[in-house]
Every structure is written in C-alpha cells, then in structure tokens.
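Look at the two complexes coming up: subunit A is in both, with subunit B in one and subunit C in the other.
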Partner chain A sequence: MPGPAAVFAGSRDSWVARALEPLTPLLSFAMVLAVWSLVCLSGIVSDSVFPPPWQAWEAAVELYQTGVLASDFAASISRAAIGFAIGATLGIATGLLTGRTALFSLLLNPFLRVMRPIPAIALVPVAIVWFGIGEGSKYFLISYTVFLTVWFNTHHGMEYVPDIYIRASRCLGAPRWREFCTVTIPAAAPHILGGIRLGVALALLSLVAAELSGATSGIGYRLQEARQYIRTDRMFALLIELGLLGAGLDWIVNQIGRRIVHWEQA
Partner chain B sequence: MKNQLCLCVLAALACAPAGAADLAPVTLAWAPNPQTPQIDVAIARGFFRDAGLDVKTVSFPTGREAFEALAGGQVDMAFMAELPATIGALRAQPFAVVADLSRYRGSRLIANAKTLDMKTTADAAGKKVGLTIGANLDYFTSRLFAAAKINVTIVNASPPDLLPALLRGDIDIAVPFPTFYPAAAKALGENYREVLPGGYAVHNIVAASSPFIKMKPAELEKFIAALVKADAIVRAGPAAAQALVAENLKGAFTLESVTKMWGEYDFHTELADDLTDLLVDQGAWLIEKGAVKGAAPTAASMRPYIAEAALRKADASAVRLK
Partner chain C sequence: MSGRVEIQDLSISFHGRGGATQALAPTNLTLEPGTFTALIGPSGCGKSTILNAVAGFIAPTAGKILIDGKRIGGPNPGVGVIFQQYALFPWLTALSNVKFALKRLSLPKGEMESRAMDCLAEVGLADAGGKYPGQLSGGMKQRVAIARTLAGEPGVLLMDEPFGALDAQTRLSMHELLLRIWDRRKATILFVTHDVDEALALADIVHVMASAPGRVIATHVLDAPRPRAASKFDTTFPGLRESILGLLRPAVSTQ
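Here is the complex of A and B:
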C-alpha cells in the first residue's frame, strides 16, 4: 500500500510527505471518524442503532470508570493468551511432525483437513458438555482454532523447504537432527510466523464465541450483555477495544517475529 | 351471448373465495410454544384468514431477537416475555405492547440432589446459581434473593447450556426457562429438586411496531379481534387447545408435559395495570444495575408503550389500565 511519500511522489514538498509517513494510520482513523460523525449528524439513522463516536467514547469512559473495561480486558487477554499458547505449541509441534514425517502426515493430515472448516462456534455445545461452562471450555475453543491454523501453516512451510537446502546440508555432512534444527526449521520459519500471526487474530475471533456462555466477564460476554440491553454505544466501544487489542497483539507478534526471523526481512 | 358469458365470469370471480392476494399481509415473530395457545388456535381455525389477514410467522430463538427484528422493522408484530419490552421502552424504541396473552407464575429454581438437596429458597445461600444474564429470569432471581437477603454466585450461561452445567455440577442451581423444565425433570430423574418461590409472573406479550400501529390500525384491530376470539376457545376447551399446542410443538413437548404446565398459566388476552407495574419495576432494576442509563421509569413514562385501543375495541372488559 503506498504511503504518503508515494502519494505525494513527484511533489516538490517531498519532505512534507516524509514527515507525514508515520501519521498514515491517524489519517485513516480521522477519515473514518469524520464519515462516522457526518452520517450520525445527518440524522438518517437513529442514535440507538448507530451511535455517534462521542456516545461510543462516553460508553468507553463509563466502562472504564466502573472498572469493567479493565476487568474484562484482563479476563479476555488471559483466556486468549492461555488458549493461544496451548494451540500454537501443539500446532507447531504437530506441523513439524506432519510436514517432514510421512507416517504422521498419513495418519493426521486427512483428519485435520476435515477439522479445519469446522468453526469454533459450532463446537461450543460440545465444549460445554466436555469441559463445562468454566474456563476449560474457553481454552479448548481458542486453542482448537489456533492449533489448526498454526498447524496448517507450519505443515505447509515444512513441506515446501527447498530441496536444494536439504541437498546442500547433506553434501556438507550435517546429521539429520542438525539439518532439522538449522536448515529445515529456519527455512519454514516465515510460514510458521505467518501461522502465529493468523492464530493471534483467530484467538480473538474464537474468544468472542467462547465467552458467549458460561462467562460473567470478558469482552465477548460484555458484547452479549450490551446487545441484551440494546446498548449499541457500548457495543461500538467494545468492538473498538477488541479491534485495538487485536491490532496491538499483531504488532507485538510481528515485532518479535522480525527479530527472530531477521533473515526474511534482509 | 357474449355479454351473458362476461357476466357469468364476473359473477364467478365475485363469488370465489378470497385468495392470498386479497389478504393483508402481517408478519409475526412467533414460533410454537406452550405460552400462547391463542395464536395456535387462531391459525388452526383460520381466524386470521377469515378476518382478511395473511399472517406469516417468522421464528426467532429468543424474545430478545424477535424484539430486535420488531424494532428494526423486519416484522410487524412479535411475541416475547415482557423484559425486552421494558428495555425497549427505556431505550425509546418504536413499538408498543398490544396484548398480554398469558401470565406464568411457575418460575422455579432447579437443583441436582447429587450436589444440593434443595428444599427451600434459603438453601441457595452461598451457592452457584446458573441463569441467562439479561433475561427476565435474571430479574426474577435478583429480586428473589435480594428480598430473602441471600448471597449467591451468579453464573451466566445460555439457556441450552444450563441443564448440562447442572448435570456436570458446574452450578448448584439452574434457573432455566419453563420450556426446559420437562427436559430437566427427565434428565435428573429422582435427583430432580425444584422450588417455586412465586412472587413473579412472566407476562407473555405481543408487541407491534409503531409504524404498523400508525399505518395499519385496521389490520391490528383484526389481528387482536382474532386473538380474543381464540382466547374464548382456549378457555372453554383447554383439552383441545393443549392437543393443538402439543401437535404444533412436534415432539419438543409431549401432550403430558403441556397439560402439566397448563395449570400454572393464566391464559387470558388482556392489558392490565400489573403489566405496567412490572415494566416500571423491571426498568428500575435495569437502571439500578447500570445496564441502561437514564432516570428511573414511572407508570406515566411506561404508559405510551402500551397501546390498548385495538384490544379495547375487541373486548373492552379485557383492558384494565389506569
């Protein structure tokens, strides 16, 4: 996507463009806020259906002042983190196995490919029967979604490690274990990182499904509650919170990934 | 000869029964349930059709979703318990309650004797009580435990998840909707324990959207008149109405279950002050708990959300509002 520098390319004021570069996201948000405000001020939609930004802000302040915002955030982030950790660990481990071992691939791939299209929300009733309405069912739903995504990316990355890398390491006499650790995994790392980034986003998606039942805190629960009471202002505040949380986590994972998989950015 | 033939054709057309095209369409958010036999009877006996209405029913999983469809203009009328209407009134939504079909006083607490051998409401003290937060039974339990000065831990769960949670021991007491009582009794068997604290009557109401009330008053009057006609049949012959309800529920409820619950309902299409009082108290509860912002409601502020004109025309004695 072109930044302001590209947009202003050819302009004599290119230093202005460069100065604006870090402000690109703010310009995007300002435009959305302006359109949102104009639609609300035009009066074509009711406030109770489509609340203006200032009402969503007031709702966010209200949630913050009552302590609900912080407690929900803590509850959701802990559920997402635990579910993500379980799912990502299992996904990477399984992907490493199925990607390079014919036996595991034969035994697991067909089953996991059938599981992939099943959305987390469809598993809510089963999760509640198996793990109850406590935290167990929530961890299960989040880790299930993350596991399949991370597994698929890891498996894909392992399968497509260029043969030339393997042949070169073998010509140099590298033992299998060393070849696996220093050639195969680094070659597949960008795919694994891609899976982890997707997994973070999906952890938040399944978090909302997981918090629909058996929860008395969390962003997903609060969204449901706001819906019960037709508090669209709160819904908007919570959706923005969820979006910011997702974007923040994605940024953190991306920054960590860039440091770990530094050769990919070189 | 040609003229005679034309007259015959016109006469035949005039005598033909009204087709669907001649009927006024009305969309009703409703699905078969044990709380509104008047609607089952009105459909089965063709009262709506006879009144010139083509009533199309649309099913929603909960009354809240039916209300959302009503407020959003997707349906003309909707059946629900009273709480979504209270919330809608506090949020100034475009609707009004046009009929109160039945009152149910059998809301109960259910326990699994393996976990809790519950005999009275006091046994709930310090226990985990599962219910759907934001539903009318949340209001019921909140008021019940507050009056009894009992502290409990509320656990939120969707209606279908309450029974599995009770069976697993995740909660000590469940407060499900009446439609889940037969399944709970069957699943828990001899461990089924229930307490009926009373004090709260669920009002099973029909609400109409403001545009429908304003733009189609004749259709609304015909609809309510058909319900009043069905109401008399339900009360005169409960056995036939029970059989019809059980048949429409297609196995979800047995005739035995419907018959057993019937006595706990007060079936009469009316609009009375007890509904206004309940809307006011529920509104105050919602404001107290911070779910909805605003001043505590009064009978005067809730009154515009009850439109009694159509029912008054069909049966003046059924309207008992100040």
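Here is the complex of A and C:
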C-alpha cells in the first residue's frame, strides 16, 4: 500500500493539470490565435501573404454565406466517406483472409513494403487516366490508400494473435470457425481499429490530393481556386476547416472504437 | 473411471538455428485416473514441454502419449489446461468466458447460463459473472480460468505453474480451492511447479526433473492425508523437503 506521502505527492503534481484538463483545447487555441494575431499586428509580414485570424474568419463567413462552404463540405465528406467505406471494407476482409495464412504472409510483406510508400498524390495521374476526372478517380484514390493501410494493419493484427488464446480456445473444444469469429478476430481488433484510424487520416490526405487537380467542388478544389485569386485568407480558412474535419473524424472513430474494443484501455 | 495418461518413451527436440536441442530425453510416466501428480524441476528442464505435449500443443519427436488408451492428436476438450497467464479472453465477461467452454455441448440457452453460473459459484465468484477479466485481480482471474476449464468437464487437468504469479496468501487459498474441486470432480491432475512446498502440499506423486537433457531423476509417493500444513512437512515427510531441494539446487547453480 502506498503511504499517504506518496498519495499526496502524486495528487499535488496533477492538481493544476487536472483542473485545467477540460479547458486545454480552448487554452491551446487561444494561445495559437494570440501568437498568430501578434505576428500579424507587428507588421513584419504583409496581410495579403499571411492574413490575420479575423480576415480568415471573414473569408470563412463569406464562403458560408455564398453557400460554397456547405456544398464543398458535402462534396468532400461524401467522397471521403464512400472511398473510406470501400477501402476499409475490402481492407478488413482481405486482412482477415491473409493474416492467418502463412503463405500469404510470406508473399505479402515484400509487396506491401514497395506499395505503401507510394504517396497518394503520385497516383493522381493514373487515377485520372483510368477513371476520368469525375468522382470515380476520387473514390479510387481514397479507397486505394485506405485499403492498403487497413489491410496491412488487419493482416498484422491477425498474424500476431497471441498463441495462448488459440491454445485456450482449442483445448476448450471450439471448432475452427468459432475460434476465428470469437477469438482470433477480437484478439486482432485493437490492430484493426488502429488501421481504421490511420485509414481515416489517409482518406483525408488522398481526398485533398485528388481534389487539388481535376475537381470542380470540394475543399481541395476551393483551395486550388483560392490560389488562382491569391486569396490567402480563404486558404487559411479552408486549411483550418480541413484540420477541424480531420480532428473531428478521428475523435468520432476513436469514440466508437473505444466502445467496441472496450477491454483495451490504456 | 477415466483419465488415465500414459506417456511412453516420449522425447521432444526443438529445431533451432544451432541445430536440434533435446528438451526432453525419452521419458515414461503413467498418471492413474484421479491422481494428483506434480512435476518439479529447475527452469528449462522440460516441465512445460511435457505438459504441452500432453495438451496436444506440440507433437512428440518420438514416443507416444495415450489418454484412456487413445493416442492424442491435438488439443481436445477431454484435456483441460490452466495457464500461468490465465489466458482468459479479455473481450468476454467472466460468465461468457465460462460459457465459451460450454458451447460445444449445445445445451439449451437457460441451462448453459445456469451451468456457467454454477461453475463460477464453485470457485467462489458467483457475483463476478458480469465483470471483464481486466476488472479482476490475478487470483480471481485464475479462478475464472479454473471455472472455465472445469465447465468442459475434462478427465485430465494440466496446470503449468498456475499460481506462480500470485502472492503467498492467495496461493494458499487457491490450493484449498483446487483440492476442494479435485475432491469433487476427481480429474487426473498434472501440476507443474518449481515450489517444493506447493508440490508437497498438493500431490500424490512428485516427479523431480533435471535439465540438459530434460528427464525425471526421482519420484516420491506422498501418501499423507490432506490438508497438509507446510509447518508440519518435517514430520509428515521426514527429510523429503531437503532431499528434493538438494536435487534442485545443483541444477540451478550450474546455470
């Protein structure tokens, strides 16, 4: 049992941190905004190159009022969602099949080692040739990158299921299909979830890569358009929107994941 | 009575980078139905290897293992295993872990539920059915694991240092629990330990092993009634504790 001294030392250290905990996101944004404003007010950079927060805000309001903000958001999110759904479903299914097969494991690793480093943006030309500049090439690009990473993580999760679970299952008389569904898959679930989180981040990445060239809507397209008019205030507004979108999606996936993989709490 | 284990000329070698190493030299052991056998020996002498072979996790290099006259061909529910690391499924509640073992009996839903509850009650955890393994202490986890294995009603129970990770007090209460359950179920138990007192408190027969290569070097029959208090081992088994410790000591110090 820890003595009272240890208990108090521990709680005193964390008292301030704990009181501030719920406010930390606000504080951190306030700090960044303050520094950003000060840099702009000091006049060392021109507003047209590095616009202050209030100009970015005005640009965001303008985008909102013209309705572009909502339509871009809808276009981007539906591309990301469809591409992600296709890629993640195929990735999990493939990983479940390959992860427990020794032959696949041997053949797969060299292949993945070469495929994974190819950045999504490098695939844009191929995607456009194959699927045109419509939605098809976006779905392809997003689902491909998501597929690869979800497959990889699922495969490894299935490959490294602790032997002791399999042994326990077998000497309790579970047939193979029950072992697969109720032991192997849950044991690999934390890895699969890790792959899905990475997949969400990659979906956003390849979404923007796809929209920057050959699109007529979406957040990435709007960024590209802002470049043509040299509207840095818009760019900043759109970049912040992307950041918030990514953080929000990750939060949602994390919340859902924690409920599914409830036993794996740090 | 079933649960007779015959280990005949069993030897096991592992193939590593440096060629094959013999983990177990040809060994013969017979476990009579309903008896409690302890294997004791220094680390690396092949205790787990024997147990894993009986469990069907590893194949004999030579020789064979018969259970009730039938050669084993892999893990099967007639042979229950209790692991030192518990091996509970953390994604299932304690009750569902126990039910996992009952699934193969294809019982009606209500009966499966009540049987699983009975098994938990037998290890004193009637109230913990809804808890996940992560919410249980080490001793409680091992009791759930015992309940889970017993639910399948194996004739042979293999235990590999099952209480090795528990504190002395918890270990004593686990001994009581195990003896009580064994008394009721009369399974054949093969129990691996490196604690002499644990072997003396529990077993009918103790096989002492030595390493390089793994083999049995001494066998002692313990016929004193149970429970046996550790404080009275000197009078219950005169000189035995020291003799076994003497066999273990040189092997440990040459490592």
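As a convention for this text, the second predicted complex is superposed on the first by the 237 of 266 C-alpha atoms of A that agree within 3 Å, B and C clash if a C-alpha of one lies under 4 Å from a C-alpha of the other, contacts with A are read in each partner's own complex, and residues count from 1 in each chain.
What we mean here is this: contacts are C-beta pairs under 8 Å (C-beta built on N, C-alpha and C of every residue); 3 or more make two chains touch, one makes a residue touch a chain.
If you're wondering where the values come from, they're calculated on a predicted model, not measured in any experiment.
Student: A:93 contacts which: subunit B (first), subunit C (second), both, neither?
Tutor: neither
Student: Please indicate which partner A:240 is in contact with in the superposed arrangement: first for subunit B, second for subunit C, both, or neither.
Tutor: neither
Student: By the touch definition at the top of the document, which applies to A:189: first (subunit B), second (subunit C), both, or neither?
Tutor: In the superposition, A:189 touches subunit C alone.
Student: For A:20, decide between first (touching subunit B), second (touching subunit C), both and neither.
Tutor: neither
Student: Considering only the touch criterion stated at the top, classify A:214 as touching first (subunit B), second (subunit C), both, or neither.
Tutor: Only subunit B is touched by A:214; subunit C is not.
Student: I'd like to know which partner A:85 touches here: subunit B for first, subunit C for second, both or neither.
Tutor: The answer is neither, since A:85 touches no partner chain.
Student: Okay, in this complex, where on subunit B does subunit A touch?
Tutor: 64, 68, 71-72, 87-88, 91-93, 130, 133-135, 154-158, 160-161, 164-165, 168, 170-171, 286, 290-293
Student: Which bits of subunit C are touching subunit A when the two form their complex?
Tutor: For subunit C paired with subunit A, touching residues are 55-57, 74-77, 79-81, 83, 85, 87-92, 100-101, 103-104, 132-134, 148-149, 152.
Student: Going by the contact rule at the top, pick out the subunit A residues touching subunit B in the complex.
Tutor: The touching residues are 48-49, 62, 66, 125, 128-129, 132-134, 212-216, 221, 224-225, 227-231.
Student: In the complex of these two chains, what residues of subunit A are touching subunit C?
Tutor: Touching subunit C: residues 164-165, 167-175, 178, 182-183, 186-187, 189, 261-265 of subunit A.
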